[in-house]
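Both of the next two complexes hold subunit A, though its partner changes from subunit B to subunit C.
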Partner chain A sequence: MSTLQEKNKEVVRRYWFELWNEKKGEVLDEIALDPVTFHFPGGQAHQPPTLHKWFETALIAFPDVHFQLHEELAEGDKVVSRWSYVATNTGEFLGRPATQLKVTDQGIDIFRLEDGKIVEMWVAQDSLGLLQQLGVLPE
Partner chain B sequence: MATAQENEKKILSFFRDIWSEANLDVVDQLLDPDFNFILSFAHIKDRESFKKLVQFNHQAFEKLTYHVDDEEGDVVADETKGAGFWRMTSKHVGMWRNIPGSNKEVEITGLSYFKFSPEGLITEVRVHNDVMGLMQQIGGIELVYAS
Partner chain C sequence: MSFTPEQNNAICVEFFEAAWNTGEVREDLLASDALDHSQVGGKQKTEPGSGSFKHIVGMFRGAMPDVKLTIEDEIYTADKVVHRWRLNGTDTGGVMGMPPSGKAITMSGTTTVRMQDGKIAERWANVDELGLLQQLGVVPPPPGA
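Moving on, here comes the complex of A and B:
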């Protein structure tokens, strides 16, 4: 694998570990363009306009969110991550009060990078399962 | 071991020949006998069970088609693994997850993650599809969850 793909993988690892797990919001401007172009599934519960807003909202709703990176691959200008998270809903989410429930979700993201920054993301995760766990929809 | 380009072709064939055309001969050519197909709500554990799933979905969804709109951009692979971003279109005509056929035209997107054996066969596909979006389109949220 070429150095470019290794470097791109490092940027995406910073996204998962430094931004989301260590909650270092300041790395966002180092690792991503603002705004990133998102491709969300139509049924995704939460569709934030920017990564900054996404991070801000998540820290209110799920401040202890912790991601695990299960698999990754890089080719050309893309990096793919297969991930899961656990989090506790201790703040408002989608206009609903905190439930104090512990939830888990998993998904796959494709990142496109330009000049060492994330510029585009394709996202797929289990919104139905998340809403069931939060009690918004019954199991 | 297969090249990245060969694996990208197999991913495209998985969507187009197996899922869209329901060509089950291609299942035997592309998939390992112990193939695993893993969804957030189901785990199909071998090639023969997977064929039944393809057939079942074609009964529930007429004109079931998996589109890979950008061959270059929407499929990523290396020598042992890969991923594909897809868009599914169809008409929901039969029972699916306890929702009777709604005759609604549906469209959702998803991402699938592929693993390949040293011989180049697909051993595992993990799928994250927009079940929530599909349920909304076929009236499943109201029917199953709000009743």
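Moving on, here comes the complex of A and C:
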């Protein structure tokens, strides 16, 4: 494994652990271009325009969100993370009041990096399952 | 026998193209105790063997007999292969027990595979099932961000 891939993995680990788990919004500008180019599935429940906005919304809707990184691999300029999270919906989400429900989701994200920063992301997670857990859609 | 990441990827391409485009789940490319961790179609349990692979492929091909797989990105290293892909097909068979809509459907997903001795030993996948239901008009489109 060459150093570039190891360095890119380090940046993506900061994304999961420092940004999302430690809630350090200030690392965003160190680890990602603004804006990052997002590729969401058509059915992504929440499609924020920027990472800053995404982080802000998540802190309102799911302030205790905690991610686990189950797998990471890097090839070329890409890093892949297979992850899961648990979170409690204690604030407004998608225009709906807090449900106080504990939810979980899992997914596989692909990151493309340039000069040590995340520039592009392809996101895949279970939005259907999330909306069912929140009671927005029937099981 | 040891396989390179490139060989592992080629085996995955062969397996998934055959499965989606022709309906044949190639048991010769699948470990006999292969684990499918994907939760497609509300599946909760991981069970060993080809059954889960056959069930999922059968479910989607039953709904969209003309389904075609396009692999949009391939990332592989050591014993892991990641594919970002898209399925395109026409709902002439009916999705999840609903009557056929006749609609053209496009659906994205990402799959991670662990290879062992040139065979698929484990599979994780995320499929845009909500997007599928939205295209069928069963659930409303996503709210504004």
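Note that in this section the second predicted complex is superposed on the first by the 139 of 139 C-alpha atoms of A that agree within 3 Å, B and C clash if a C-alpha of one lies under 4 Å from a C-alpha of the other, contacts with A are read in each partner's own complex, and residues count from 1 in each chain.
The rule we apply is simple: contacts are C-beta pairs under 8 Å (C-beta built on N, C-alpha and C of every residue); 3 or more make two chains touch, one makes a residue touch a chain.
Please read all numbers here as calculations on a predicted model, not as lab measurements.
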### Query
When the two structures are superposed on subunit A, do subunit B and subunit C clash or fit side by side?
clash
### Message
Output check: A:Pro97 vs subunit B and subunit C. Expected answer is one of first, second, both, neither. What do you get?
### Response
neither
### Task
Please indicate which partner A:Gly42 is in contact with in the superposed arrangement: first for subunit B, second for subunit C, both, or neither.
both
### Message
Is A:Arg82 touching anything from subunit B or subunit C once the two structures are fitted on A? First, second, both or neither.
### Response
both
### Message
Once chain A of both complexes is superposed, is A:Lys53 in touch with subunit B (first), subunit C (second), both, or neither?
### Response
second
### Message
Shared contact residues on subunit A, subunit B side and subunit C side combined as an intersection?
### Response
1, 41-45, 71, 73-76, 78, 80, 82, 106-108, 110, 122, 124-129, 131, 137
### Message
Could you list, by residue number, the parts of subunit B that touch subunit A in their complex?
### Response
4, 40-41, 73, 76-78, 81-83, 85, 107-113, 126, 128-136, 141, 145
### Touching residues on subunit A, where the partner in the complex is subunit C
1, 5, 41-49, 53, 71, 73-76, 78, 80, 82, 94-95, 106-108, 110, 122, 124-129, 131, 137, 139
## Note on the structure
Residue positions on subunit A within touch of subunit B in the complex are 1, 39, 41-45, 71, 73-76, 78, 80, 82, 106-110, 112, 122-129, 131, 137-138
### Message
Give the list of subunit C residues in touch with subunit A in this complex.
### Response
5, 39, 42, 73, 75-78, 80, 82, 84, 106, 108-112, 124-135, 139, 142-143, 145
